Amino acid sequence: MVNLEIDRVSVRFALKGATVEAVNDVSLRIRPGECVALVGESGCGKTVLASALLGFLPGNAETSGSARLGEIDLLAATDHELATTVRGRRIGLIPQSPASHLTPVRTARSQLEEAARILGGDARQAAERAGLLPEHLDRYPHELSGGMAQRVANALALVGNPPLLIADEPTTGLDRDLVDGLLDEFRRLVDDGHAVLLITHDLAAAHRVADRIAVMYAGRIVEAGPAHEVLDASKHPYSRGLANALPERDFLPIPGQPPLLTDLPAGCAFAPRCDQATAICEDRPVLTDDPHAVACHRPC
Amino acid sequence: MTRGQAIGRLALRRLAFAVPVLLVVSFALFVLAKASPFDPIERYFGVRIIGASPERVAQLRANWGVDEPVVSQYWAWLRHAVTGDLGDSLSLQQPVSAVIGDRLGWTVLLVSVGFTLALVLGLLLGTLAAWRQGSWLDRSITGGCYALEAAPVFWVGLAVLYVFALQLRWLPGGGVTTGSEPVSAGGVAAHLVLPVAVLAISQAPWFVLFVRQNLLESFTQDHVIGARARGLPDHLVVSGHALRTSLLPFLTLLGARLPELITGALLVETVFSWPGIARATVEAALNVDFALLGALTVMATGVVLVGNLLADVLYALADPRVALDG
Amino acid sequence: MADLTWRSAPRSRLTAASPPRSPKWRLLPSAIVLGVVALVVLVVPLFAELNEQYVDLAIANQPPSTAHLFGTDELGRDVLLRCVYALRVSLTVGVVAAVISAVAGTAVGALAGSIGGWFDRILMRVVDAIASVPHLLLGIVIVAILRPSLSAVIISIALTHWLTAARIVRSEVLSLRTRPFIDAAIAGGASRTQVLTRHLLPNVAPQVLLATTLMVPHAVWHETALSFLGLGLPPHAASIGNMINDAQRSLLIGGWWMSLAPGLLLIITTLAVSGLSGVWRDRLNPKRRTELTW
Amino acid sequence: MLTGLGITAGYQAPVITDVSLTVHPGQTVGLAGPSGSGKSTLARVLALLHKPFAGTVEIDGETVTGFRFRAAQRTRIGVLFQQPRLSVDPRFTLRQAIAEPGGDRVGELADLVMLTDDLLGRRPHEVSDGQLQRACLARALALNPRYLICDEMTTMLDASTTAALVGVIRAYQRESGAGVLAISHDTTLLTRWADETVRLSAPLPR
Amino acid sequence: MRRALLLAVVLLAGCSSPDGSTTGPATSIVIGAGSEPENLNPVLGYAPDGAAKIFDGLVSRDASLALKPALAQELPTASADGLTWTAKLRKDITFSDGSPLTADDVVFTYRSVVDKKVNSTIASRFDALAGVVAKDPATVEFTLSYPYAPFAQQLALGIVPAARLTGTDINSAPFNTAPVGTGPYTVETWRKGDRMVLKANEKYWGGAPAIKSVTVVFVPDDNARATRMAAGEFDGTVLPPKLAQTYRDRSGYKIVRNPSADYRGLGIPSELPFTSSPQVRRAINLGINRQAMIDAVLAGSGKPASTPISPYLKDWYDEKTAFTFDVAEAEKLLDEAGWRKGADGKRAKDGQAAKLPVLYPAPDVLRKELALAAASDIAKLGIDAPVEATTFDIMLQRRKEAASVWGGGDPYDPDTAAYTLLHSKYAGQDGYVNMTLYKNSTVDTALDTARRSLDPATRKQAYHDFQEAYAADPGWAFLVFLDHTYVVRDRWNGQETQVEPHDHGLVHAVWWNLERWTPKP
């Protein structure tokens, strides 16, 4: 069991006439038996980070920094290395909309058995563990209910027994009880010793399952720490605003709009929306090196 | 209702649709042919029309019933057609069934081998081009395909004929046998090479580009990314996932491609004097040979309809999502 | 952060291509070719009048020379000059037929798609029925009735090609109709006409225009095929199909220049047309990876 | 009062059977239920976008006689959809989208949903889901609807944007006395947002 | 991928060299024919001028076209009034099915041809035939309704066995594609549109042919035929002169040019105001450069034509009536006729432009090229001559206002070439007779005299008068008599040149006497 060490990772895309700085200088560590949630609103760069870890960035992307999973640097590896040693074997992906991640013309069983054959796993065991009955496996993806599709996705992600799972917005669009079931499943996996990177905009879900939460804003991690601390005792005004926006809390929005990733301010990207901002925020704040780290000149 | 029954019903419904289509098409052709300036009598006389006395020509017209109203001609044709008697071809002076019987085999041979080859080429080259996207290989394949699509099939046929049959003399330039040789498998195979190759390379570009495009699109789709995320090797991702879905629309388009194929075969058969149905079709059209033209066109239409039906059934079998009540 | 060392993301064969390199490599040659063709086709006739039926038997079958860049044909006509006129005729046939087809097809497709129901079913069955008859065969019959002439060829092509446009428009309209933004427009009080003119047609228009441009080469090809079978333009008229047909015989006796020039010219011109429409299609189909970048 | 009485609706087969629902002016009614329970179908019926097989829709006492283009009461109801990206004509800028229902109040509406001028000039693929949904809300409010139907409006949105949009809707409600039907599977949200919540039960297994 | 490669290898391996350098005695021949008979029944119109391969007529022709007896013991003779012709049959003849030939078969054949219920395309040839009877099993007597000098020429028609056809509908009898005749060959198979295989009739009364098997492949397209000849598929074929030229230096092949009476000519409407005057029509005839057409279009294989009478009809042809190419004279004639050149170089008279549309049948390449060449020459005289592609029936419909390129002709007797074409009694009639509505009483008289007289000298004089009268008042601009060109492998002896009629497919052509060819050692 090894850690995932994300060290000063940046990702940018060259577009016509502009550069999108999607991920900036992100460092994060995920240990076995730990669930880390990466939280932020849509477009903040969290999905790009997940894609970078899996080698799924589009061709116009460039990366810097490193993401070490044991001896392998995920960002430096070739696609072939990633395909033969990392995906499915060391990192399992639990996707958003699991049904659409299945090939529609093949049954769940054939896809599960195929993956098991390639990865040397046990399809029947993986299915059982995911709570799938044999008759579910004979269905085509479109015949699976949302919950069933989610279980198939879990079984597929786990069949190669990867130590690290990346869940990319797994709860979006799911009914609340399905969300709860899925989060419970994650918890069990974490307790079994898996590492889980949960990428979500759903703060409540993150709070429910994650050991640690990293809050991302405009491509940067602005705060990272134990889940309850980040949510209940936020140090960064953005995290605090996000927590307060939850319907079960103040249900109040953060004023303003996030900046464009093609046009990030030189200083703190949140400063224009921040009621605490002063002149010092013209400088870019650095993420502190604490168990509860924050990147803010004027933390709460 | 099981899926099998549903597919059966789909087939029946489509077949039921085919009947009025065939009736409309055949009748429309009779009307069109009737309106055509070509005079079958004149064709029958050929050069001897010059000097033939007017009374004789009129007499022949009456004997043939050429001047009867088109509806009664059509009705007569239809009544016999239902019993399997397709009438006699005026231009070829033979029962239509014999005309078709003599030629159909050759056309089926040419078209099926050509189509198969085009499909194989299309799948292989299309997959290859998508797989090596952006490489010189991809660019030569796609470039070649665009060029071949732009070139008229008969021009390609003539070029191939010129190079391989006339200049290099590697292969025979037409027909199905050389001289008085009896029809033999080897001989036919040799004669088949050039026409089949031309038919295939005239049809293949479309398939190549289609396969390539669809594969490329499928590479960005969730289920392919999902398969990759599972750690499947690239070749499995392509063969087991990307191709499986990107070829689905291909199936229905195979049916839609049939008229093009028949058109291509018509020109290829003309260039290579292949003794198939296509040449008889041109003859019939040129000579306003009601019986033959009607039978051939109805047959071509029927083939297309059946082809479409097959494609739809294949699609329904291949894609469990397809709704069968549309 | 200037000290960052950037590396490209790992390339997979299955990764979507980097956004197509600037399409110049297709755009520029295509545009130049079409520009030159257009210029030649429009300007040359002003200077060198072609009497299509004038032959000069004394200079028949001459290979390319300075006097006749592409040589002369069997009857002593200048191949280059005939090519220019032929291209003009072929392109006219192609463009006119494509436009007629597009207009007719759009009308039928838009009606079928937006009215729907039985109307749509019957209309589309008719389209299917016509589409079931091989195009060239139908074209042959139509030309045979109307007698070979420019307008007959155009009509024959239009009658067989409007189906494509009708199908495209109908399926686009049908798929657009189910998009939430149409619902949103209706919810915003838009009338049927407003939905049709503000949303459906503008969204279909690029597809139709694209289909129309792609129809041009096909129509030209159809014309050449008809001429090849002797059912196209009058055989003595300068058209690409006729020229290739005429040149067949010369090819057999070594007169390669008579078929090469019109054939290549046709290929290059249609390639340029499809090249341009390809660039355009890429632009229409943004597929920008917005999910990742935003 | 927006009332659906005994609504049975669906596509080939009914998705909802004999459902009744009432939204009073000024009131926010939450509609919850698992996926496939017919929430969206009911929303489309009440938004006059889908003709039910049976049942009637009444708006402020008037019985609706036509749906889609034939709905006379059309503009009294505003709608917000789940996926903002699909709900805006991809050719339109946000400004054009907001102006579409015929309002000349683009600036005012944009301010209301906090869209800057820069964003108004962009097309859908150039903005985030949250920003697009703001534009959709502005468009829905352009005709001052008496009732606003929000069909899973927040699914794609983060907490802050959700809170912001709900805030805008509430402000509008206070000002105009409009009724709101808020559809969501997020019961926490509905608890906080709605005055009362109705649950549709799961569909019968097929 | 591997499988596809394998397939390609198999396909390539399957093809042997097509070079076709056949070995062994050349007792079989493969002919690439340009046209296919509609049927093989002489009654319906198959091979009316003999050389039928499967059938024999009462008479046949030698290389010089002289009639000689065939099924008849000697040449049929006419009674003094020319109204009765008698033929005596040979007694030793059997059909290929073994049944003997009798006078009844001859009577049946000719009666069927003129039977109105039979769709015969050659019935018009027997316009004069009033009756035919069998005097005895070996004697047939024909009675005519008027004296018809060339009647013996029509007796080359093949004789069919009456027993096979009596009581059947001749129009659709199986016999039409699987015939039985007395000829040197029998039909083994006939795949319509593709090929016909003939086998030698070993019991042929004229001796069994040395070439035992004849495969006739029907390829109507000139280029396809040339390609397949070049690919070694055929032993002989008919080709346009230019294509035949490519074999000039190829060893093992010879080019055969058979002269013919097959003319191509521009029928000039005599009712069009512009061309109603003989001067104008003469001017057009003089303004056309026929030799240039022969050189460029026919690659030298042809003869200039001035009247419908071919120079090869040596007994009848009058070379003095030939038009020489003389633009100055043509211009002078036009000026004299009042059609004067304006500033733009175009001629007009009384405000009316000199205009003569030129029509040709669209699919016919040769006629197209001749039409263009002729129209170019006519245009050089200052006449507006727009060329239009059309069909035969339109050409016929517009015969009063446009010139059309027509063709036809046979070398056997001037009557068949000229009578229906130029006799005024056919002017204005429906059908392809006197298409230019030509009316000249001198010509009428000469043609009638020649037709009815049995005296060769009288006939010769009449045709001389005809040619002279016609040349002064030409209703057509006859352009060329084509030479039919063939390419044949040089493996047989016995090939003889014969002047050919318009028809040249399986019958006539270079293999008109195929039954007498012998393989070269």
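Going in written order, the chains are labelled A, B, C, D and E, and every chain counts its residues from 1.
Just so we're on the same page, a residue touches a chain if its C-beta (ideal position, glycine included) is under 8 Å from a C-beta of that chain, and two chains touch if they have at least 3 such contacts.
The structure presented is a predicted model; accordingly, all values stated were derived computationally and were not measured.
A.B. asks: On the document's contact criterion, could you list the chains that touch subunit A and likewise touch subunit D?
C.D. replies: Both subunit A and subunit D are touched by C, going by the contact rule given at the top.
A.B. asks: Please state whether B-C or A-C has more C-beta contact pairs across its interface.
C.D. replies: Between A-C and B-C, contacts are more numerous in B-C.
A.B. asks: Indicate the whole-number Å distance between the mean C-alpha point of subunit B and the mean C-alpha point of subunit E.
C.D. replies: Result: the chain centres lie 38 Å from each other.
A.B. asks: Just how far, in Å, is the C-alpha centre of subunit E from the one of subunit D?
C.D. replies: Centre separation, subunit D to subunit E: 86 Å.
A.B. asks: Between subunit B and subunit D, what is the separation of their C-alpha centroids in Å?
C.D. replies: 52
A.B. asks: Going by the touch rule set out above, which residues of subunit B reach two or more other chains?
C.D. replies: Those would be 37-38, 166, 224, 228, 234, 270, 286.
A.B. asks: Please list all residues of subunit C that touch 2 or more other chains.
C.D. replies: Answer for subunit C, listing residues that touch two or more other chains: 12-13, 15-17, 147, 248, 251-252, 289, 294.
A.B. asks: If a residue has to touch 2 or more other chains to count, which residues of subunit E qualify?
C.D. replies: Residues 227, 230, 363, 391, 394.
A.B. asks: By the document's touch rule, what are all the touching chain pairs in this structure?
C.D. replies: A-B, A-C, A-D, B-C, B-E, C-D, C-E
A.B. asks: In the complex of these two chains, what residues of subunit B are touching subunit E?
C.D. replies: Interface residues on the subunit B side: 37-39, 42, 44-54, 56-60, 63-64, 88, 92-94, 98-99, 102-103, 117, 120-121, 124, 161, 165-166, 169-175, 178-180, 185-186, 189-190, 192-193, 270-273, 275, 279-280, 283, 286.
A.B. asks: What residues on subunit C touch subunit A, complex-wise?
C.D. replies: So the residues of subunit C touching subunit A come out as 1, 4-13, 15-19, 289, 291-294.
A.B. asks: Using the touch definition up top, name the residues of subunit B that touch subunit A in the complex.
C.D. replies: 222-234, 236, 240-241, 244-245, 248, 318-321
A.B. asks: List the residues on subunit C that touch subunit D in their complex, please.
C.D. replies: Spelled out, the residues of subunit C in touch with subunit D are 179-181, 183-192, 195, 198-199, 202-203, 286, 288, 290, 294.
A.B. asks: Sort out for me which residues of subunit C touch subunit E in the complex.
C.D. replies: Touching subunit E from subunit C are residues 53-58, 60-61, 74-76, 147-148, 230, 234-237, 246, 248-249, 251-254.
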